[in-house]
């Protein structure tokens, strides 16, 4: 298992290096942004002197390398600066929306994974049958729907009949009435259903298609033929051999997409008025809130990198061949 | 026999189809791709002929705000009283142009980098892949919003952004393919003959990866259109170009939902979905066709059939 | 009674465009317990297809006619359903590329024990013990059963594949080119192993290969296939010393011998296409002794000695 | 024997493998091929045969040693200076299915070397002559075919024709027939034999001793990056000195079932060049190994008849 | 800048007319929570940081102010019971009512003095946002607990309108946080650990993306609100908000999109109020005479011609669905007598505009685009800020009209920050841009809007680069003219100057449309304007 740990170590190191690179490139990216960075101070009535003072306060009057050093040091200690808009620490300001987004995204992804994987497997197994064709077409269709449009359609045609709320994360006044945790949880979940369903449906299409083709690849392998020769039943073959092998590429995909969904939730959050990280970043862009943006970028890239790392770890668990 | 071998073993026996152009053969063998191609041709025609076949202009107010679908306006009117059907027809052009050129940028950039990286390998490869990694971990939609709002929103910028977001996928994919092709004996043979890198790339490597690049381009166009609608929806689209994405945005922004004006949102979304789906149908079919590993399945519900023995005399 | 007999086996594959490929065109084979039969022939002549048909493992695009008799009973007639209970317990197989015959994500032992559990022969600890025994039998330490396939070398994997095939003590073993892609030395090891095992266990074995000398050394009997048909069957001795079919003779002539001095000659031309019907003898265009009827009449089946038969118009040997 | 065309001297080739360092795929190989001669290089898989040939073509990283062509040292030539050499030195690959570009017609494949070397005059004629020499007559029948429309033997002939188009003087054939059916092997080997009779030097790599015995003048037996025995064919086959050669010969299957012999099957796996044993590299599998074999690394020394050498003190 | 929806004190409805539903007065049931939806969220609970109208609504309801507007937009006392002015108009003395902060601490004049002096001290720094409300003030003193004395350096015309947004902050909370050079002010989070309010409410829970709940302040100096609490929920889009209103999760929404107004008007479950606002769409021209290119646009005649190419009625019909009025100056009827009613919008007259341009010598080229005498085509880029609702449609209509006159414009859409930057570029010298479209949301008092076009607003509020010393002189004069009638004349004159020079072409006033459910009553107009104080003492749920 020594080889294994060195693998994990190497992946961890790699993740770490990528994070460092991301930190640096984030700095560069935002330094490339044109315009007066203090314009985001939303202080159009302020005097130039005051703007200069603020620039000094944010360290913007120093040389770029100096700024970089300060930035790296601060980032390392978890200080991502203060939002230009609210003047509050970025990390805290980011955490609020992230906290809202994560459960919604998880719910949607879980839905997509469980359904997409099942359908993909069944579809590959029953290749060429009606079941297969139906799921391929529905997968293709869902995969092709513009996210925001699907969300709008859900509002149009599903929210009403199902009696589901179409915006926000919770009934704003429920907490005020203090009804206890159960109704609050139910309420939260109800608010999560539509956005999560949108994510779920979009991903579901993708997952179905990918699971299917990955499964088909596995089913074409010689060991499947061997397993058949050994007299195993189809179900045994799928369960014991095909599934695990076809899961390998899917795992990476799922983990990678988790990170992206977090950022990609913007569209869904916009439609459903869901105060999550996507919406927050979008707002920060229009407000030119560079500290927030830089922090948000870092958060997202780091989460993608970490997800990647997790995928590597899982891969390591699932695939004995991975040792170097 | 491995699936590849099997596939190859079968080809010579069926080689008489070889004279027909491969595209035609491919479409014939894959109804999914054929349907996709047919849809795309229809939309391409619409895009080309748009100004002539649209009943009204893209700016022409022909009735009340959110006029309901009726005889002269089968898809109703939008938030400025403009005929939705006409808008759809006019928008096809922009949407398709953005899709194609965006994908083209991605393919050109990603393809070049992928080929260079995969073919030469070594340090250059390492360096290029690290850069790709960074772009790969950047959440694309967020990157795009930042760039769009910083650079300003014009069609050209949107196209560049799409290229910027998607070139990494392309680069990765092509690179891995080129790495495989590079090890092929016929490439080695050309090297042994003293052929220049350029010649090898152009004559041997590129033609080999081209079908895959094409299949990916098709899928990339779908992604690009997808992204265009997303950008537009977030209000970052080019205000001078009436794309389908902007139609959805307009409807959404101007409260078509609350108005109950489904016709302002459903048709453009459907149009996008159909076009994307057509591209996806074509692209995934091509991708599958190019993947020999999908040709064989050892586990199927159906099994071989029994049939009576052939008539011995007839066989003689 | 033969351990395994094949009677008039035909296999067709559907080709795109509604055409058909007649891969196996009526072969007969019979195999006594303990007998090793070499199945030789050029690439694409239908060897693999034939033994896949015996295992009932053909893809859905295939259709089959004929009988596969296992200890006298036809196991082919009912398709996959009647086949499955016999697989591995009565008739087992070593695949062409043993490299890929193992699932990369499960331990070797696991995969050897799998059919044991399926057939209810052993489970849990008993299965592990049996797996260890089997591995020892093919010369691999039993402790290695917890290893993954990629941790085995090519030769070891091939031996493990043989161990796997023996798991349920089958009566018939089908080995599809078990040594191609292996080194000469490893090939010798594997052959020796197979010979020993068939002798010890009284197994009947079909050994598919295109290497004639291999068959000469490892098998008692041989069947030479050409274009989906049997050209000649007999003991290896008969085939070498008194071939009845020119194809057999020419194959031997094309094979260089380490110490031999005879000229080595290739067989001109190429095998016929199997997706078109053949008229007459399929070997006729390449045959150096073709004459009148060869081009028009399908050669009859002829027997000189018991068990030595051929499909050839020539009488009195090639 | 005439002047050697190709000489390989003390060749060492190392491949970088992961972080662990360098694998010495070839570790001190010397051999020479003269015009009109065929030298066979035999050995187990992974022993470095291909690497040797590729190094001779300057396609593998040479760590040390010399490659001489017609007496000129080409070990360090730049790619421009190598071009004329590459015209004369041609490589034929093992796998005829892989070594032809599936998108090239036969014509293009055979013309390509001429284009690369900028030979403009009489291209058409050269191409036809090459095809005819490779036994593809009449050439018209093949010119416009794609590889998938050819049989395996024909494909291999096309790649030989492509090699002949430049009218080389030396052929390196890396297992040219191992992927082919027995029925066509003899044809290809016969072709190579004819070519060398025409004055070409041929270095043939094979793992089939019967083939080597039948066609080569000299046989070099390689084991784990080294040549362990070398000599005229009749000598090596008839009087093998190295225990490895002896074992190898003993396991060659014979077509005659009655001519079985006593196979001396070596135990153990194919050796791994990443893990070379100390002393004689063959000792862990050697049936006659003594204590000193564990420590002393034997060198090729004359054994038996003239020109026959073996790297074993007990030879 | 380019002041838009985020300007302090967004104009709300007034003089509104209730449309539809029944208006009969009913018995009121006290208590309960009033739930309001808005599409523009607060940006900060900290008055030293905040700009957004919603934040200002919170401040008016949670911080004491000396005076307020009543329903007729007349200034009346709020915390101040009475006040008097010194002869020279420089010293204002207010007598304030006793009250308590929501944490029980007494609210005294000391708090006012502390807040006032803090703002004055840091006016050029962290308190810059609040400084306009004490312009020209030199000190605020508290001779005793109920007396606030504000001293100005000169007589100021609009002291009271400014003071209605001078929010008094809790000294006992803020004083320890001020820090060196006032650095602590901007970092202050008043809601951390619970906000301390001194108005009718205090912020119980604050969520700038969700719901903020204001709870009744028991120590309020005025008449206690009838409701227990007020909730304000932020929505990213009006559809979500209206769905909540329809679904009964809200009692009221602050803006109904014009496209939907009719639906609510005809629904008996809702009350709809439509009224004038201070929101005016405008088209701004770069008026900096130094701009290097496209100088023809500096010519007021050209601008006049362009103004004639604007189909204001179509804009009102399409963009506002009829809920707007044509505008010709920066003021709306909300500004009362200060609106110069002599100025009328230019007629929509393509031919007339063409005639002017022809006359000026800008002949049409081959492609129909006019050219300047130098041969430059009249093609311009128009800066469009993204956040302005309906701006795309507005632009399209203007583009069509101008297109017919041979003037070609393309949109360059940006987020508002970028747009404002682009207008000032480079470095607030106003050299690059040609035309922009935006809106202004002013106050009832004309001072601020008039100031926007003065010379010293370069780099600050100016979004046209307009600078006219004569105008500036008038501006200073109106600021110290205490006689309303005299001041009105000056303001009218200033509007005429702007109309003649046309740094802006005002297009239309966007009316405010407010909806609430029929369950509520006494939501007398204008109950939502950040400009005025909401009469919570009468607003309540119908008893039945």
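By written order: A, B, C, D and E. Residues from 1 in each chain.
Everything that follows uses one rule, which is that a contact is a pair of C-beta atoms (placed from the backbone, for glycine too) under 8 Å apart; a residue touches a chain by one contact, two chains touch by 3 or more.
As the structure is a prediction and not an experimental result, all values here were calculated from the model.
Visitor: Strictly by the touch rule at the top, which chains does subunit B share as contacts with subunit D?
Guide: Touching subunit B and subunit D alike, sorted by label: C.
Visitor: Which two chains meet at the most C-beta pairs?
Guide: Most contacting pair of chains: A-B.
Visitor: With chain centres defined as C-alpha means, what is the inter-centre distance between subunit A and subunit C in Å?
Guide: 53
Visitor: On a C-alpha centroid basis, what's the spacing between subunit A and subunit B, in Å?
Guide: About 23 Å separates the centre of subunit A from that of subunit B.
Visitor: In whole angstrom, how far does the Cα centroid of subunit D sit from the Cα centroid of subunit E?
Guide: Computed value for the inter-centroid distance: 88 Å.
Visitor: Using the average of all C-alpha atoms in each chain as its centre, how far is it in Å between subunit A and subunit D?
Guide: Centre separation, subunit A to subunit D: 55 Å.
Visitor: Could you tell me which residues belong to subunit A and also touch two or more other chains?
Guide: In subunit A, residues 35, 155, 221-222, 225, 228, 270-271, 285-286 touch at least two other chains, as defined above.
Visitor: Which subunit C residues sit where two or more other chains touch them?
Guide: 57, 97, 100
Visitor: Residues of subunit E that contact two or more other chains, please.
Guide: Each of 237, 239, 243, 386, 415, 418 in subunit E touches at least two other chains.
Visitor: If you go through all the chains, which pairs of them touch?
Guide: After working through each pair, the chains in contact turn out to be A-B, A-C, A-E, B-C, B-D, B-E, C-D.
Visitor: In the complex of these two chains, what residues of subunit B are touching subunit D?
Guide: 8, 11-12, 15, 18, 184-186, 188-195, 199, 203-204, 207-208
Visitor: Which of the residues in subunit E come into contact with subunit B in the complex?
Guide: Those in contact with subunit B are residues 237-239, 242-243, 257, 259-260, 263, 314, 318, 321, 384, 386, 389-390, 392-393, 395-396, 400, 410-415, 418.
Visitor: Show which residues of subunit A lie in contact with subunit E when the two form their complex.
Guide: Where subunit A meets subunit E, its residues are 35-36, 39-40, 42-50, 53, 57, 82, 85-88, 96-97, 155, 159, 165-173, 175-176, 269-273, 275, 279-280, 285-288.
Visitor: Can you check the complex and tell me which residues of subunit C touch subunit A?
Guide: Those residues of subunit C that touch subunit A are 55, 57, 84-89, 92-93, 95, 97, 100-106, 111, 114-115, 118-119, 148, 150, 164.
Visitor: Applying the document's contact rule, which stretches of subunit D touch subunit B when the two form their complex?
Guide: Against subunit B, the touching part of subunit D is residues 57, 59, 79, 82-83, 86-87, 90-91, 93-95, 97-103, 112-113, 116-117, 146, 148-149, 159, 162, 166.
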